[in-house]
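Letters are used for the chains, namely A, B, C, D, E and F, taken in the order the chains are written, and counting of residues starts over at 1 for each.
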Amino acid sequence: MKKGIYPGSFDPVTLGHLDIIMRASKLADELIVGVLVNKSKQSLFTLDERVELLKRVTKNMPNVTIKSFDGLLVDFAEEEKADFIVRGLRAVTDFEYEIQLAHTNHRMRPEVDTVFLTTTLQYSFVSSSLVREIASYGGDISAFVPECIEEDIYKKYGFNK
Amino acid sequence: MKKGIYPGSFDPVTLGHLDIIMRASKLADELIVGVLVNKSKQSLFTLDERVELLKRVTKNMPNVTIKSFDGLLVDFAEEEKADFIVRGLRAVTDFEYEIQLAHTNHRMRPEVDTVFLTTTLQYSFVSSSLVREIASYGGDISAFVPECIEEDIYKKYGFNK
Amino acid sequence: MKKGIYPGSFDPVTLGHLDIIMRASKLADELIVGVLVNKSKQSLFTLDERVELLKRVTKNMPNVTIKSFDGLLVDFAEEEKADFIVRGLRAVTDFEYEIQLAHTNHRMRPEVDTVFLTTTLQYSFVSSSLVREIASYGGDISAFVPECIEEDIYKKYGFNK
Amino acid sequence: MKKGIYPGSFDPVTLGHLDIIMRASKLADELIVGVLVNKSKQSLFTLDERVELLKRVTKNMPNVTIKSFDGLLVDFAEEEKADFIVRGLRAVTDFEYEIQLAHTNHRMRPEVDTVFLTTTLQYSFVSSSLVREIASYGGDISAFVPECIEEDIYKKYGFNK
Amino acid sequence: MKKGIYPGSFDPVTLGHLDIIMRASKLADELIVGVLVNKSKQSLFTLDERVELLKRVTKNMPNVTIKSFDGLLVDFAEEEKADFIVRGLRAVTDFEYEIQLAHTNHRMRPEVDTVFLTTTLQYSFVSSSLVREIASYGGDISAFVPECIEEDIYKKYGFNK
Amino acid sequence: MKKGIYPGSFDPVTLGHLDIIMRASKLADELIVGVLVNKSKQSLFTLDERVELLKRVTKNMPNVTIKSFDGLLVDFAEEEKADFIVRGLRAVTDFEYEIQLAHTNHRMRPEVDTVFLTTTLQYSFVSSSLVREIASYGGDISAFVPECIEEDIYKKYGFNK
């Protein structure tokens, strides 16, 4: 696999995301993590913050670059001349949505393929929304996110930890 | 992705398998198609025949090699020094079985990852058992298998087509 | 819906099957229940017995005919000049298999469509194999099969009830 | 099947919807496409526009009528003296929701049945929300909607194509 | 099972909820029904009203107590010194979400287990949102909620029944 | 929960089974592990051996008893005057099968309920058939079965480990 794109909202990046990034970066020559500008959903972190947090947790991975993108994923993939899109799979409901997305992207740009990695077991239930919910009550998120971004998350909810 | 293994029974190889082989061979530097010696299930084609049919349909793909293997997939992957295993995903029931297999393999050999490709839409319902059933009644299998192996399949059921 | 075919093994017919037959016969002008000659699986009842039991339980439905067929369903549907195939849906695993079958049939004969009915809630867990298992221990099957065939089933297992 | 109702939001009608309409209109004597007045969700097209677009794409189908309805589907079905409701099935998550809906409707009005058709493979991943998302970026929607309504969709997002 | 907690929004309590409460109260020595203070979703009934309706429908169950809680479920379970959490399972999509929740709770508080009961068949499609939708049109909800709370629900939508 | 039954083939018992047994024994006053006499499937271990292995791995659990049973599970539950049946849930396909079984049992003996526990994440992919397959090649099964029965399994396949 030459050049891959791993797209997402990363609001915030979790240990589940990081697991996929590390494994995809081993398989690809070059990996771009694409942070989605989400027009419709309100996000906890701004686009710049989400990019910054990702840069922080991937700083020791030389072939990983963090970029943001607006618009359709396939257009971003074309601009970046990516060979494939990486997606993480956790549950059946993920799977169905992802399959539909993969077929849509294939229909629009057949030259960009989609490859799936299954999230490592211990992170298979972790999601950004789970992290946000637990953090909003000041609960313990240390098992779900990289240590170096914990404080940033608690701050958003007014906790000093 | 450096070196991948695409394992299966391929009894016989279908257009769905071929779709995965072609796409995986674009992403990998080198792809080994591993034909499983299946002790428990009776197969239509012998191991040698299955290998031969695969060689025939992949003869124009320079980075694809056909090999057979006995034993556990992870042991075969280690022998071959493969970086990853490729699996095709069609339906939810596939997905669950594959996820369990991926977790098992990861538990036994964490250094070999598993990547999934979704079968292209038009082949998403094709399987070797479907091909065998239709061929056993002399039905038309031209939409499901490579043209150059159709005759071999019909012969197994005593048809001259 | 002009002419429909409801195919199956019916080994034996259950109240779940009967529910689909009754409802399909209201929607169709003419309904053929097609009993499959199953080469590979050993059946409890012979083909003739399965046809006879179905005739018994549908004797008051004037637009329902019982026929057996060998070979591919789509070929049988063409011979009978059927407009559509009827299938019952109970669970997700049913659904996936049925969708694959529908796509295969559509690929082979686009002029025959497939329509699905969901089994009525109270019969949604009933299957022929469940009935056979319970009857093999002499358990109570009265909630799962038409009353007029109960005795025939118990006899197969050597019970006189 | 005498008289059927195919309900939905159709915001806007896609080639997937049109596929179901065409096939259902062959099976039914008369088919009503019922456009839902959706109180809670904001729609891209007004109710009148959605009805108009549907009329345009079904103008050559003599036994298809477009109507809008407010309130419960089963009440609409009763008013129209419909024999059955038609629903399209694409994925497992669809299936579960649809099964629950069918059981609810059956509990409220047992005399109206629900029949399911599976969306033809090539449209199995198409949805109105997908079309809206792609169109909002000016992306190519020609593979997803009838040609005669493409312009109407782009106009909503300020594109002149 | 010593002490259990059955958490939910109960907006309003349905016959499906009541079925789980009755069965869980037989298995547990003591059952707490925990009504969630839902910050993000607008509810039909206030927290106090939801607690009151639950008290009304469980008044003959001596080992059932109704309480409300704010914050994380696992924290509430710890405060109450509960041994296990009870959840009802209806469909596959429920199942996946519930499994993720169970794994999250187990990760945060391993000493509190989660047990699942399957909703009795006849209530397997009933949900609070279904009840609200039907009631909003003045439809018949008598098959879905306890009789003694029907009037309260209709009143919320301005019906006098 | 007063008295529970955890049924299965246990051919052989895995760490996944043991996880369910330990957790169920904490919730129940008394737990019977019911080993199924399986007429149709050939087993690796005899019934007596399977019972003996289970006794060995549960010897420190005072409220757990190992028994074998022939016939229908609900009949066994009645004989034992059990209040509930315990089942482990791993994947969606499990879930569907288990739900159908629970509904069948409920229909036959409404007084016996079924409760489900989700297998702890790290054992969620472990099954007896997986253990048998790996052991048949002499692979490492130490992560999947209790240490004290490993040797017994290898011996069955002629390995001295």
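The rule is short, and it goes like this: a contact is a pair of C-beta atoms (placed from the backbone, for glycine too) under 8 Å apart; a residue touches a chain by one contact, two chains touch by 3 or more.
Bear in mind the structure is a predicted one, so any value in this text is a computation, not a measurement.
Listed by label, the chains touching subunit B and subunit E alike are A, C, D, F. Note: the chain lying farthest from subunit E is B, by mean C-alpha position. Taking each chain's centre as the mean of its C-alpha atoms, the one that lies farthest from the centre of subunit D is F.
By residue number, over half of the touching pairs seen at C-D are also found at E-F, the match among C-E, B-F or E-F. Set side by side, the interfaces A-F and C-F show unequal numbers of C-beta pairs in contact, with more at C-F.
Matching the C-alpha atoms of subunit B with those of subunit F calls for a turn of 120 degrees, to the nearest 5. Annotation: 34 Å between the Cα-based centres of subunit D and subunit E. Distance between chain centres (mean CA atoms), subunit A to subunit C: 47 Å.
Shown for subunit B are the residues in touch with two or more other chains, namely 92-93, 96, 99, 103, 121, 124-125.
Per the contact rule defined earlier, chains pair up in contact as A-B, A-D, A-E, A-F, B-C, B-D, B-F, C-D, C-E, C-F, D-E, E-F. Residues of subunit E that touch subunit C in their complex: 92, 121-122, 124-125.
Taken together, the subunit D residues at the contact with subunit A in this complex read 91-93, 124-125, 127, 130, 133-134, 137, 139-140, 143. Listing the residues of subunit C that touch subunit B in their complex gives 71-72, 75, 92-93, 96, 99-101, 103-104, 107-108.
The part of subunit D that touches subunit C in the complex is made up of residues 1-2, 23, 26-28, 83-84, 89, 92, 95-96, 99, 102-103, 106, 113-118, 120-121.
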